[in-house]
């Protein structure tokens, strides 16, 4: 069975059906992309998976556990991590601390251990730093560790978001438009990074409008329009799908891609 | 003076002139303008002084002079920073410990009050500074501590020390009760609700005659006592020594304050403290980074309340008296002032502000009615000049190599 | 070339600053009058050290400690009972004579402190006069009480309830509460209008009292209104205006002596005031007997206490004699507002009209 | 007094108290709505208005103008108080809030608190610590409905505050100012880039809000008959509660909130133990906010849009 | 076509964020009716340039001329009144206003109700999605919808000079095409356009002039078509 299973998922905002009866399977270790026109409901799918709001209808199952109605932090603890379409870093914290927050759900020491600074707590703090440093190293952000997050250039902020998400030690990473605002060269770097992450064993679930990125790395591409799945398949299949071209890609892109 | 500063001077003086107009006496009391003019004069004087200073500092001559001095200054600064912070802390602690030996009773009493407010300020800092929850009813937990001790001591004869843990737990529980309905609220909705809770607790204390004796207050609680073994007269006896004198009370609250500083400092630099700050910065992102925000917000309320409760128990035992009137809204505001004026999230700042904000108005009682006037204006001016607080908080920075100099400050 | 220092404790800031200032000014007047009359041999100056108790326990103890440190020989203060009680602890430890010109709570003198005295009659004394007047003067059947849930006023309404129960002549039909600082009491007054008791007792302070009589008039209440000495203030007449007419108040009746007139004149001159606040009188007397005591007995506390106990003083608030607790025997009489003035009306001791 | 008139009387009491709260809450919510600042000084502005009213009134009374030109007197008293306090509001904004627009919200709140302390003590120094009698020109004449009494003064004040509320609502809706204010509140930089002079917008808000407060101050003085330097505090708290309860930034919300707070206070006192009146007010506030975290008429945004 | 007098001219503009020297002497001149395009790496200072033109960030040094008039000391609202509008970085939608109100805010300075209504229709024809969302609060729109709203709002003011900061960000490929077509169309109606883009390929292909920015300086200015062929540019910004 797939790692993440969405069955008959719908989301209604007032009169608007943002996601309409969607079925989706994400298998372990793959890179799956979700694409679709603006307002198709992609971010909404992410939001439902991560518990920002519950689906109006349907079930979400992750590794056999139902996620509906779990609080977000529990879902993250279960092994799903995400980044945001509009960057949401902890601006007045340092880069290192941002990553340390991500490690929160994998550590235990509570307020009392902190107050009395028990050996266990000290040990854990050390581990937190080591682990955070490792992650920063992996993403090439070590040199920025003491900068406030808000001072980072845009591209590095996006990477820091990924770092924070990776720090929660997920099995599955949801990336919401990670390449937005990046130029082609930076996008290429990002592409490598995503593949590197996948190679560490992560399942990648990607929402993106940059077709070069999507088509370059995805194993499966799912296309959403008005909340409904209109196509699914390999990048090549999807690219040639008439409905997708009409609803999403446009005619010119065909020539270019 | 550059013309922009001149313009500023004129505009601000003018506006200040309008501000003091309500201070001009009424026809019926006799038209009185000297007081208003005095206030205005002082303001204008300070303003001129400040703007002048600013333009001198901005001027080229000063800049180049400062440039010449810079290496000297940095050397001085280096020398200061070379001494480990621990030594400074020890010196400070020593000074605080020696204080009652050189000060008279009044000054010791003022010192005690300052330290109580330092504890309160640090406690509130957990809620406001770290977790970013604006709390205008914080003084209620101070009341909870005071009344817990008073009631338990009067009715059951429990000692200060055995009441402390009970007070802490009760304070924390109250913190959670107050925190719970506010979990979904933001910003100022939180402010009014916490303020409402603060008032509710005060009013309940005031109205529940049977338990609290209402506005009459509770009277005659024992002072804290410490026990020590005595070997006199053969055999060992446990002697209890009541901390009656102001001096011994001072040392007790100093101990509490130091423990609070250490405690809040440790929390701040722990996983819990980081999670609080993350919540302050972006609650949704924190929740989606795996931080259980609900639980941590409740924890912040509870921890903050626990510190206030300790301070309250001490306060009640020091006065041997407690009354609901001691826990009015204005007190919450003063504690909040300490936190913000000191610098949100900054422990040294809050300690400094606690001392400044309590001691200065107290010692300047000679000014009488002008005191609060100046206090109010100074607060506004301070905020305008240093919105980050006296000693702004810096996030902890981690060094990989010893050689890199640590940079603090703005 | 010695200076004698005496201290005052009173709220110089905050909502009670008016009464607090009256107290300070009363004591300063006493010093001025006393110095003019020759002062105390051995001292060439008498200094008043003001302490701001702010009606707050913590601040009051600090202020008390400050007075102790500045070496005062005696203290006049404080005002709110909730400040006087904590402030009296350090003063007691330092063994300094304290005379409160305002606090009426029974606990102020009821704790076995030897060196504390008080000028105004205790809550229960005033309550006794009140109930006596209602029972024997007005001969009413039903009474409604209002208080603002502060130490002072609750003390009064509690004591009145108790006294009224003793003889069971008066039925207490309602006990209502207001919030100090509020301006609108129509809800409570309407409630009482419906019950229509013979008398409504207003256990409040002057600002609320003034507003209450006005609103009672506007609502057309028929009950008679009775209040206490905290409302006995020229401001009550000023703000209450016509609506204040006919209100009964309890207040100590002082003989219209020459000294009293003299004092009023000096006070008004010194402070450019049109009227003397009620606590000004008590404070003046407290200051005067404190100075007299020092003149007689020196600054040794034991001697001062003895002198204070064993002397019968005459002051502008009448005869002053302290009992073993430090309380003063002083009867309230009932006053009435008539033609925009406070007029003595009924004497509970003699049970007769003036 | 029979039950019917009792209830009518209490409803009148509630309406009256509520409309005063509503008027103060309006000024409060306007300022809040635009710079998201708890304007602690609003209570003092209200008091200052009352004092200006008393000064003007006392001066007019000396000349005997009041008897001969009653309506003009009222216009003058309200006009002068509102005009002056409007200027005062702008001055406060300029000195204490404007420099803090980019600073943290807490800093601005403290600055406001400082201003409040400053003004209230300033008024204490100059106007004295005790309450001052307001010349009673409204009188206590009135009429009765059954056995319930309502004075002409009350009618006048209720009508005037309703008029002011309606005028404000129309002003804000019909001019571009309302929109400018909302835009400024939500994103100052963007508002400026669209051509909104936010300084002017804020200034106008700081004139209207305090002016409404001043009108309420004069009303309170005229009707209740006294003013004191610290009377603004309690009203500020109630107005704050009312504004939040109704949904901050919303004009009808402020009116509704004021009425609810006034109503709860009066009706609770009327039927239940009056010492718990304030507790009840706050409990109602907390309950409402618990159920509707952005107030009754507040814009309910699911802020969890990520 | 581009006339002689540049509608916008920057002369040696410096801008600081506190101590950070973000613009280190930017100079450029944009002829009236032109489409000029500014490209550069992240953090180069492109957005800062646009904000400085608008007066949101103060130019610490240098001159900014609009139609020959100095505007670097003007406040943003004054610049807006001169007929300049901008879609800023991060969209800056008013989150608690509806889509319709957001668009109306774009026309804040305009009095001609009829023409405003016409323009509204035009914007809706460009972005039909917005018409479906008129009653929805801006803050709840999807990322791309917000982007369309930001562009629509900027158009609602009928600007003479339009500053676009990454207009294609977050838009679906089909819409990206549409956006660039629209830009061309707007330009034809006489509006001057200053475009900042990461999608350098597309941007350069519709522009006349191109500027390349690196760490606060403009390092290369050329005709856009030439820049497309420039080896360095190709490597650094076009990802080829």
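Just so it is clear, A, B, C, D and E label the chains in written order, and each chain counts residues from 1 on its own.
Heads up, the rule we're going with is that contacts are C-beta pairs under 8 Å (C-beta built on N, C-alpha and C of every residue); 3 or more make two chains touch, one makes a residue touch a chain.
On a predicted model such as this, the values are computed, not experimentally measured, just so you know.
Chemist: Which two chains have the greatest number of C-beta pairs in contact?
Modeler: B-D
Chemist: Would you identify the chain whose Cα-based centre sits farthest away from the centre of chain E?
Modeler: C
Chemist: Centre-to-centre on C-alpha atoms, which chain is most distant from chain D?
Modeler: A
Chemist: Between chain C and chain D, what is the separation of their C-alpha centroids in Å?
Modeler: For chain C versus chain D, the centre distance works out to 36 Å.
Chemist: Could you state the distance in Å from the CA-based centre of chain A to that of chain C?
Modeler: Distance between chain centres, rounded to whole Å: 73 Å.
Chemist: Round to the nearest whole Å and give the separation of the Cα centres of chain A and chain E.
Modeler: 30
Chemist: Quick one: which residues in chain D touch 2 or more of the other chains?
Modeler: Within chain D, the residues that touch at least two other chains are 121, 124, 128, 132, 275, 278, 302-304, 306.
Chemist: For chain E, which residues are shared contacts with two or more other chains?
Modeler: Residues 140 of chain E each touch two or more of the other chains.
Chemist: Can you list the chain C residues in contact with two or more other chains?
Modeler: 13, 17, 149, 177
Chemist: Considering the complex alone, what residue numbers of chain D touch chain E?
Modeler: Where chain D meets chain E, its residues are 176, 179-180, 182-183, 186-187, 189-198, 299, 301-303, 305.
Chemist: Residue numbers of chain A touching chain B in their complex, please.
Modeler: 50, 52, 71-74, 76-77, 81-82, 84, 88-94, 96-97, 100-107, 109-111, 114-115, 117, 121, 124-125, 128-129, 145-146, 148, 164-165, 167-168
Chemist: In the complex formed with chain D, which residues of chain C make contact?
Modeler: My answer: residues 13, 15, 17-18, 21, 149, 176-179, 181-184, 186-188, 190-191, 193-194, 196, 206-207, 210-211, 214-215, 217-220, 233, 235, 238-239, 241, 243.
Chemist: Please give the residue numbers of chain D that touch chain C in the complex, ascending.
Modeler: Touch list, chain D to chain C: 1, 6, 9-10, 13-14, 16-17, 121, 124, 128-134, 136, 140, 142, 149, 151, 220, 224-226, 228, 230-231, 233-234, 265-270, 273-275, 277-278.
Chemist: Mind listing the chain D positions that touch chain B in their complex?
Modeler: 32, 36, 38, 48, 51-52, 54-55, 58-59, 62, 84, 87-88, 90-92, 94-96, 99-100, 103-128, 132, 237, 240-241, 244, 248, 275-276, 278-279, 282-283, 285-286, 289-290, 293-295, 303-304, 306
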